[in-house]
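As C-alpha cells, the structure follows; a few thoughts come after it.
For clarity, chains are labelled A, B, C, D, E and F in written order, and residue numbers in each chain start from 1.
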C-alpha cells in the first residue's frame, strides 16, 4: 500500500545520499525552471505517476502535468509530461525518475509486443515472479499497462505446487490434498506438470489451474483437450516472441512469460530543461 | 554498509509476504535436502555471497558452499554452489536468490564483453548511475566483477557538472569556480562538455575530469590532444559493443557505459534439488 | 515473513521502553533462574513459539523447553514450558510473553468451541479480518491451532465483492465481470449476497464463492440448494455458539465468525519462578 | 509521540498489503461518497480521532466530521461521524478504522462500568500492562475515556517491585533501598505485598505506593488502617464487576483491573454508505 | 531497549555509508590483528560495552576484552581494552567507537568532578534533558558512571511543571491540581518556582518536588527551611564547578546540572594496532 | 537526503516518548501563543531551519519567522526568530529545538574563531569525522556556517590512507597503487605521512593530497617546499586556537581541526513566550 512511497524514498536516498553536492555548489536555491520528459523512441509508456512522485517527494511544490497516460503508445519526439519547479529539485530527482520510468516503459513495451502476438486467440499473457528485487509492484503494474495480466505477486497470494513440492509431498494427488486442507477456500490450487500423465493425475486430484511446463505445442494441444475446461491451463517455460503464437494457438488459457521482467531493455527518455 | 542485508531482507519480504503458503501446505518442517546452483549457459558469475545471504537470512543453519568465485567465467553445466538445509527454506529463498544472482551475473557478463573490446588500450570501462533503483551497490559490484570500474555511486561522492548546472551557474568557468569553493578538497571536479571550445574552457578553469559527451571518434581524438594529460578524459553517450573500440583508440582515459546496468539480460541459472 | 520478529520486537520496545528500571535496580546481572509457564485453567494452547521468541529476542542464551505443542488441549495446573535464563531477562520478557500467549490461546480455545459445535457436518469454521490491528498473523495462526481455517488475510490475497462494491460497479453481474478482467487467474471471486435473487444473479455471473450474509437457516438451506455445488457457499453475520450448528446443518461449505478474534477472552497463564 | 501514526500505518499495511484488489477491480477512481459511522448498541465511544486518521492517512482529502466526542455515551442508532471522500479510500480504510474504534470503545465501555461501581468511594480505577501488544497507547487512552486512570505505561516510567524482585534482592527492605539508590527522584517506589507483615515491612522501608495483591476485603481494610496515609494503597488481583465495590469500600486509594484491556469485547459499529 | 543497538547501527551507517573504500582498497580481507584502546589522559571511563558493540555489530567474531570497567578512574597510558579481529573490521569501526567512548568518558569525567565538589553534603547531582539529540540514553548512562543520578529521561517519565505551564494553567495551585487528576499515581509532581512565595504556594498545593530556579544560595537556604522535608528540593540554573558547593550547602536534596551533557569535552583515547 | 527529517523525528521521539504528560495535563489544546528565540550571548548562529523543522514536524501549522540567517553573527539580546503556534506544540518542541540550535551555533562559533585566526593566509580550515554519532550532517553544516570547509563526510566519499592501511598494504607506494586500481577516478587519493621521507615517498607514488600529521611548523614548512604544488598539503593533529596561525603560515593548503566538533560548547539561547 505504501509500497510506491517506500520505493521512491529508497531510490532517492540511494541516489542522493547526504546531498547532491554538484547542484548545491552550482545552482542557487530558489530558481524555478520548466522541463519536459521527451520520448527518444517509440514505446508504451508506464510509470508517469511514479516519476511525478519522485519530484513531489523531494518538494511538494513541484508541478507535474501529464500529457500522456500510462498504457498509451507514444512516438519518438512526443512530450510525456511537463515538470515545473525548483531547478535544484529537478536536477536531484532526474536520474531516479528516469531510471524508474525507462524501466517501467520498457516492460510495458515488451509486454505489448507479446500481447499483440496472441491477438485473437483469447489467451492471456501473464508475468512471473522473475522481477527485480524490491520493484515487483512496479514491474507488475507495467505488465498490466502493456496489456498483460498478473500471476500471483508473492508466495503468499497464490498456490503453485512445483515439482519439488510434489516430490516432498509424495506425489501429485498427495500434494493437492494437503494443500486443500490448509489453503484458504478463496484461492485456487495450481500445480506444475511435465507430461500428460501428470496432467491427468492433477485433474483427477482436483487441481484448479494446471501449469504445463516446457511442453511442445503438440503436447499442449493434447493437454488442453484432456483438461477440457475442468481446470485452467497455463503454459510456461522459455516463451519468446517467436514461439508464443504457436503456444497460444494450442488453446491454453494463460501463458506466463519471465522475459517480460527479468531481461527488459530500458526505453530512451530525456528530461529537457527549457531555456 | 548494511545495504546488502537491507536489500536481501526487503526482497524476501516482497516475495514471501506473510508466508509461502504452498510450501507450508505441502512440505513438512524438518526435512533436509541438498541442492545445486547450475549454470545453464556460459557467463561471468557475480552475486554468490548475496545468494548465500538470502538463504542464511531465512535460516542461519543453511550451508552454502561456493565452487566458483565472483568474477570467474563459468561454462554451461558447471555447478556454482551447493546448498544444504531445510527443504522449506530452500524453496522459499529460491526465487529471490536466483533473481539477484541472474541479474548480477548478467551485468558482470555484459561488462566483461565491453572490457574485452578495449583490451590493450589502457582505457577504463566504468558504469553510470543508470542502475535499477534500490540495487545500485549490487549493480556496481557486478560491474567490478566483470572487470569494469565504478564511476561515482551517488550524487554525494563525486562532482559532475552537467549542461544544466553550467547554464544555471552562468558558464563553464563560473560553474567550476563555484564548485571549487564548496566541494571538499578530496574530490575531483568533473564537467560535461559538448565540443572542443567547451573542452578548452573547462581546461582553463581547472577541471580535473572532462566528460566528452556524444562526440565522434575524431573529435574525441582532438579533445585528448587538447587536454594533453592536464585532466582525465571520459567519453560517454550511447556507447555500444560496436563503437567502444574506436572510442578507446581515440585515447580517452575512461569510457562510461549506461547499458552495463540499465538493460542487462539475466543469465540462466537453475536451482536443482538432489533426489 | 519477518512478521513475528517485528511483532515481538515492537511489543518489547513498547513494554520495556528505555529500560526495565525496577529490575535493573533490584536484580543483579548474571543471576540465572528457571521458571515455568503454568496453565491456570483448561484451554487449547497457541503461541508457545512466539513466547519463546520474546525471551530469545532479549537474550539468545535463554533456554525454552516446550512440554506442550500449539493446538494441544491443556488442563489447569499443567506446565506448558520451562524457561531457563538470566533472571533479568525473564522478568523483562514476562508480561509481553504472557500477553501474547494468553490472547492466542484464548482465540484457539474459542475457535475449538465453535469447531466442536459443527462436528460431523463437514462445514468449515473460518475467521475474518476482524482481528486486532498489528497482530493478524498471530490471530489467524491461533484460529488454525483451534481447528479453524483462515479466510483471506488481507485485501490483497482474496477477492470479496461486498454490497458497496456492487453498488459502485452497477450490479452483481457487472461487478463480477469487472473483477474477472483484473484479478489474477489463481484467485476465486467471492461475492456477498443478501437474498436468493442475488444468489441467483451471482451464480449466473460465475461467482466462485457466494457469501450468504445474515440469512436465516431456512434461507440458507434454499441458497445451498440453488447453488448446488456450482460455487462454494459461505454463511456469515453474527454467528454465535448457539446458532452455528443450525447454520452448518443448512449445508453451507463455510461459516465465517468474527467473534473468534474481535472479542476473545485471554486465558489465564502464570510464569512461576522456581525457588 | 508518532505512536498513533505508526499504529495506523502498520494496521493499513497489514490489511491492505500490496493493494485492495477487489476495490481496484470494481470501483472507479474518482467517485466521491458520503458514509456514516453508526452505533449498533449503547456504549461509551473512544477512538474517533484514530478512525479519522485511518482515512486521512490513506488520502489527506477525506473529510471526517465528528458528531460525538471520545468519552461520550452513545445510544444504539446514533451517528458517531460523517465521512466524505473517494469511495475507494473509504472501502480500503473501513475495516481498520472499525477494528480500532470497536476495540477502543469496548475498553472505554467496560471501564465506565467498573468506574460506576466504585462511585462515591473516592477510589481510582486504573489499568495494567495487560494490553494487546502494539496497541498500548490506544488501550490506555480508551481507559481514560471510560473514566479510568492509567498505571505506568511501560517498565520504564514507573517502579513496581514484585515478588520475584524482592526474592532476588533479598527481602523487601533491601529491594526498596536498592531502588532508591538508582531510581530518579521524580518516581515513586511501589512494591507488591502479599500479607500484612509485608505491608508493615514495606512501610518501614519507605515504600511510597503499596500494592495489596489478591487480599480479601477484610485484609485490605486492615492494610489501609496500617498504612494510614503514609503511602498510597493499591488493590489488585482478579477484580471483577462483582467484587470491585467491596474492595473500594475497604478504603484503598487505587484498584488496578487487568480485565479492562485483556479481555474486552468489541462493540458493534457500522460504516454505512449513503445512496 | 534496543536503543543502544539502534544508536550503534545508525552511527556505523553514517560513518561507513556504502563502504570504507580506503580499507577495501588497501587491506586484504582475512588479515587478523590485535589492537588496544589506550588512555591519553586521566579520566573516568564510560562506554566500553558500547565500543565493543560497535565492533561486534560489524563482525560477530571480534574479541573485545575489557581491562577496565565503566565508572573506573584510569590514568594516562593505561590500556582500557584489547580488541582482536579482522584488520578491516577494526579500521572500519575505529572512528565510531572512539567518538562514542570519548564523549561518554568526557561526560563521566565531568560528572565525577561535580560529584566530588558536593562530597559529604548528601546532595545528589543529576542531569537534565540538555543532551545531544539521539544519544540521550548514552549521555544519561555516562552521568551515572561518573557518580551522578538521572532526572527524568523524557517528557514521558516525569512531571515537571514549568513557568509556561503555570501561566497556561492559571497559577501554581491550578496547575498542580490539574496534573494530579491526569498523572499516574506512581509519578511525583515537580514544579518550578522562582521565589519564596511560589515555593509556599507549591507546598500548599501539594507539590512533591520543588524546583528552585536560579536562586542565590541565601534564598535556597530559606526555601529549604520553608519546605522542611514536606517535598524534595531541587536547585537548578547555571550551576558550575565554582558554585555547586555553596548550593549544596544550602541544604537542597538535588542539584541539576545541564553542563554535564550539553558542553562536554571529549577525552583523548587512541586505538593502537600491534605490530 | 532525508537525513534532517530523520534526525528531527528521532530526537522528538527520544524526548517526547509516548507523550508530554506535563503539558497534556496542564495546558489546554487549542491555545495559540507567540514565542521568540533570543540570544543570551554573542555567537554565530547555525541551525535555524532545523529548529523550525522541529516545530513543523510536530504541527505543520506552526509559523516560524527567521530574523537572522545561518552564518550570521548575533549579539546577546537579539531575537533569532519568532514562533507562533499551539502552546502545547511549542512546549513539546522547545528542548529538542534548543538542543540542536545551541550545539550547531556552538560549532559555527568555534569554527569562526579558527577561521579568523588564519585570515589572509589562504589556508582552509576543515573539519574531521570526530562528530557526534548521528548528527554528522548537522555538525558539518555548522562548520560551513562558521566559515570552515568540510573534509570527507564518511569513509565512502573520500580516500584517506592512514598509517595502519600503509602497514597492511606493505608501504606507502604499495598502498597508493592499490588504491588507484580500486578507487573511482573522480576521487583524489590522500595519504597520511609522519615525516619528510614519507612525504617524498607519497609524492613519488602520485598522492594527490598529503596529510602532514602532527608535524612542527618548521617541518611543515619543509614539507610544503618539497610538495611544491604537486599535491595538496593538509596539516592535522591537536590544532588549537593558539597554534593554528603558525601552522597556516607554514604554507599548508588545508588544516583539519577535530575540536570544531568533538568538544564544542553549546551557546546559550532561550525560548521566551510572550505574555
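Definition applied: a residue touches a chain if its C-beta (ideal position, glycine included) is under 8 Å from a C-beta of that chain, and two chains touch if they have at least 3 such contacts.
Just so it is clear, the model here is predicted, and its values are computed rather than measured.
More inter-chain C-beta contacts link the pair A-B than the other of D-E and A-B.
Taking the mean Cα position of each chain as its centre, A sits at the greatest distance from chain E. Repeating the A-D interface with over half of its contact pairs identical by residue number, the matching pair from C-D, A-F or E-F is A-F. Each chain gets a centre from the mean of its Cα atoms; for chain B and chain F, those two points are 33 Å apart. Note on chain placement: the centre of chain B and the centre of chain C lie 45 Å apart, centres being C-alpha means. Per-chain CA centroids place chain B at a distance of 53 Å from chain D. In chain B, the positions touching at least two other chains are 16-19, 92, 153-154, 156-157, 159-160, 187. On the chain B side of its complex with chain E, the touching residues are 1-3, 137, 153-154, 157. By the touch rule above, chain C contacts chain A in their complex via residues 124, 126, 149-153, 156-160, 184-188, 190, 209, 232, 234, 253-254.
The touching residues of chain B, counted against chain C in their complex, run 9, 12-13, 16-19, 92. Looking at the complex, you find that chain C touches chain D at residues 7, 10-11, 14-28, 31, 87, 91-92, 95-96, 98-100, 102-103, 106, 129-136, 153-157, 159-162, 164-169, 175, 178-179, 181-183, 187, 262-266, 273, 275.
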